[in-house]
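Quick one: structure below, then a few questions.
Letters are used for the chains, namely A, B and C, taken in the order the chains are written, and counting of residues starts over at 1 for each.
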Amino acid sequence: MLSLINSYQDGYSLAQNFYKNEEIYRKEIENIFLKNWVFAGHISQIPAHGDFFLYEFDEESVIVVRSKTGEINAFMNVCRHRGSHICLEKKGNAKSLVCPYHAWSYNLEGELVAARNMEDDFDKSTNGLHRVHLELLGGLIFISLAETPLSLQSMRSELNDTFDLFGLERTKLAKQISYPIRANWKLAVENYLECYHCTPAHREYSAIHTLALPPAKFEQHLADYQARMTNAIRTTPCNQYYDLANEGEEGFQYSRDPLLPGMKSGTLNGEPASRLLGDITGYDGGCSDLMLGPVSFFLIYDDHMVGYRFLPLTVDTCVCDVYWFVHESAEEGKDFDLSALTWLWDVTTQADETIITNNQKGVNSHFYRPGKLSEMEDTQQCFLDWYIKVLQQ
Amino acid sequence: MLSLINSYQDGYSLAQNFYKNEEIYRKEIENIFLKNWVFAGHISQIPAHGDFFLYEFDEESVIVVRSKTGEINAFMNVCRHRGSHICLEKKGNAKSLVCPYHAWSYNLEGELVAARNMEDDFDKSTNGLHRVHLELLGGLIFISLAETPLSLQSMRSELNDTFDLFGLERTKLAKQISYPIRANWKLAVENYLECYHCTPAHREYSAIHTLALPPAKFEQHLADYQARMTNAIRTTPCNQYYDLANEGEEGFQYSRDPLLPGMKSGTLNGEPASRLLGDITGYDGGCSDLMLGPVSFFLIYDDHMVGYRFLPLTVDTCVCDVYWFVHESAEEGKDFDLSALTWLWDVTTQADETIITNNQKGVNSHFYRPGKLSEMEDTQQCFLDWYIKVLQQ
Amino acid sequence: MLSLINSYQDGYSLAQNFYKNEEIYRKEIENIFLKNWVFAGHISQIPAHGDFFLYEFDEESVIVVRSKTGEINAFMNVCRHRGSHICLEKKGNAKSLVCPYHAWSYNLEGELVAARNMEDDFDKSTNGLHRVHLELLGGLIFISLAETPLSLQSMRSELNDTFDLFGLERTKLAKQISYPIRANWKLAVENYLECYHCTPAHREYSAIHTLALPPAKFEQHLADYQARMTNAIRTTPCNQYYDLANEGEEGFQYSRDPLLPGMKSGTLNGEPASRLLGDITGYDGGCSDLMLGPVSFFLIYDDHMVGYRFLPLTVDTCVCDVYWFVHESAEEGKDFDLSALTWLWDVTTQADETIITNNQKGVNSHFYRPGKLSEMEDTQQCFLDWYIKVLQQ
């Protein structure tokens, strides 16, 4: 593994084995997915006591559940008796968490409250479910499986105002689609991190967003946008992501990028998608790009938010989970049309699935060599630099 | 492997790697499935000369065939020329065993009788099929792939009377169903060995059998049953199973357990299922539990017998094969209804398939740790103690 | 690996691990499939400028394309940027080779002609597609992925007259079928190399070809055929194949074998299949067997040619690709009936798929041992001797 890591050259794509080797993959699970903060879902998905959903990747399954006091808790979906999954459905409602195998029962705080026919010296108090760290950021639920998780302090202080302005706590999930991809998860993340491919691969996106443009043209649009911006939306970017994060802190990034002239939202022809979010009072022609932790991304339009999350399933398969959020009071059929709302990022993700799969196929060739990255792949380069560092921890 | 074995703690479930590691799995095949006695089928399945069926697990395939003299023989289904399977169908009838590849022909004694175009010095007499050990126990065919198999002496002397009383040689196979399970084979065997899960997971079974009850209640039922038992059926248990077996002998176990009051057989409402077996003269409200070797189990009701066998396919998949036997003179539609006969153990095995699969999922988690077993999992504990010992041979 | 290689005994089949071990498989890819010459297709498949097809095996994909000057070029289907496959369809027409990911554009000579937004010091001239060696033999396209490929000099000088006589450059592909096989590729090649199995397994073939007969009978047919042959078709065999090839040269083999009396072609009842090929003036009752490199084989009847190619997909799966060629001026429905043309080798290959799959199953058994080969498996023995030598290079 060391010689592979030493083969890495800044400014070039990764060598083949990073995308194929099982040992590398196990190290990634350990050093990234069992450690960093990952978006699990939104509070609107579990409004009532006992409501739960599962957050799952690789061999892991986490129960995210609202307790009787209204708190949100997260526990490993692993019975302390013989290890069975406890919740078998992806979401639901449960008064308590009862293992379907031998009926060991845990309350919504994860405490073991009943275990039949155990010897007298059996200590229930040390056999509760394994609780994992959970934080709320504007209603977005983040989970870390680390013993001591990275700090979210900078992220909160930089972005809380933005979460508030867009009223993220007062959104609701309108639609969620999972896109399985036959490729290593890094190829999917790298794809998300660069817009070098947008012009050739995403006609629909490129007709709305300026980020697909060459850097010089994009900068011109950005300058124009910032000059005319008068409302309260933050335009100053912050780039504490990947290798730019502070020591001991989770990485994050924020920018407000202009749409093409006349575009209001991330839809066909840039038409409005739904009710304006939070305290937004009108369309400003911009869209916020948010990265919260290494594999969770959000696009905040004035009238809806799209969430993106990339999770590994095996060394050569992953899943891209896409979430569409609207104002909590928006009604389908009246305030928004679901197919119009989801059209842009559904068609874009489908195209990406093809791209990423064919990228993996070529990378698998004996003849693949790391290639030179372009200036439009600079965020991807940050990711790769960080990744190489993290692999060695 | 040694450190994994040393991690085992009596009274706790096994560590994750026992259920995932390929090296451990290969060792299990070698030390258990290529050595111990396993139920392959029943004489009633191959009544005529040349009748055969295959006994298969992992990468192995064994031909069990009735010879021209009526003997039952077992041979590896591997041609001595270039290794092709010889019998391609799971069962059938053959006058001789002719390899479909190059037509090398073996008689029903496994001797090579024809091989075209071989050089003159080719010795047919040393190129017969690899014969494996086969023993009949009350018409039940057991196979051992060991060079020197374990002795069945104690098993025979303890149980022959019981085989005779129930007339197992005079039963016939009414139905066989295979249930593939996406889990390591040990999780399936462990599941079979404990009834701690019966109350929460098997409502149907628990409405008929007393074994689902907590130990104290079960013991009361057992005492009542033994007190009123007047017929010839053996009630004294023998527990020479797993680590309790004599040195050099195959393990086995027998017990006669009561059904719930009023229940006659393992069916809906405990109604009779078919003609009484062998020399049984009336319903006694009991059911015999039999273990013959490590992965073959039998339930003998007064009017039918159910056989269970667990076989590994890969490290993380196995198959549970269930057999229903009735009196050889019982006629379907007249003496028994096939769906009524098979209902209980079909519904129970389907539920177990779900349970075992979800057990494997949780065991695969990074956060799974061996858990404390209950007093109702004592047979499972014997199995685990034996398993750990056998792995080190 | 060394002890496995040392276990090889001339005159016996290979040990199990040669057919299962991943390390052995990677060595085979490196020492055979990334080195030797393999049939990729025929010039008639890409008649126009920009026409292309893919040649694929294991993790490799090669673009075979006709350039604007009419030359045929072959390039790895791997973009020099981040490795994506460039051509996603198995065949088609392209004015230039544009990567669908970031639109890097290569001309039909493989030169990188456009790459957007790269830094000024980026050198397009060193970022062309990886070109691989390609040779034409009578219109048949052969590819070697080696840096310095084996010489085809002897093959050309021995066989050019035969290619010319049968007018192979003036044939066209009438049909191609791929047969996936769940077995290691060597079992498929070994199967092709011996006709010991033809009598028991290929009734259809054995009714037309003499090669299925025992050696003595075959020799008699061959002598009769050679005695009465008066036309221009070469009957002298050349056996420079496998371990008989000259040092530094690719192996090849040619023989002209008689069909059974009265048979004209490889069809039902030996009826004519299509227009006579090249300069052939009448049916002579023979068929040429051609091996060009280790995994590409051709049968040249007087009126059509069948091509066979075996390629590994994974260690335990491979594909047999069969090609049917007819005279370029032959018209379907008039000069040939497609189902009659393809019948013999379709039914034969389907039977082989079953045979080979069952061979692998038996070879996987713990009880499989290398078996003695017959006198009718002498070509297979040459292959095995060569294979063992090549594995050690």
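Rule of thumb we're sticking to: a residue touches a chain if its C-beta (ideal position, glycine included) is under 8 Å from a C-beta of that chain, and two chains touch if they have at least 3 such contacts.
Bear in mind the structure is a predicted one, so any value in this text is a computation, not a measurement.
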Lowest number of touching-chain links that must be crossed from subunit A to subunit C:
1
Call it same or different for subunit A and subunit B: same when shared residue numbers make up over half of all numbers used at their interface.
different
What whole-Å value do you get for the distance between subunit A and subunit B if each is reduced to the mean of its CA atoms?
48
Going by the touch rule set out above, which residues of subunit A reach two or more other chains?
none
Counting only contacts in the complex, subunit C reaches subunit B at residues 13, 190, 196-197, 199-201, 214-215, 354-355, 358-359, 361-369, 371-376
Within their complex, subunit A touches subunit B through residues 29, 34, 59-61, 76-86, 88, 98, 100-103, 115-119, 122, 127, 130, 145
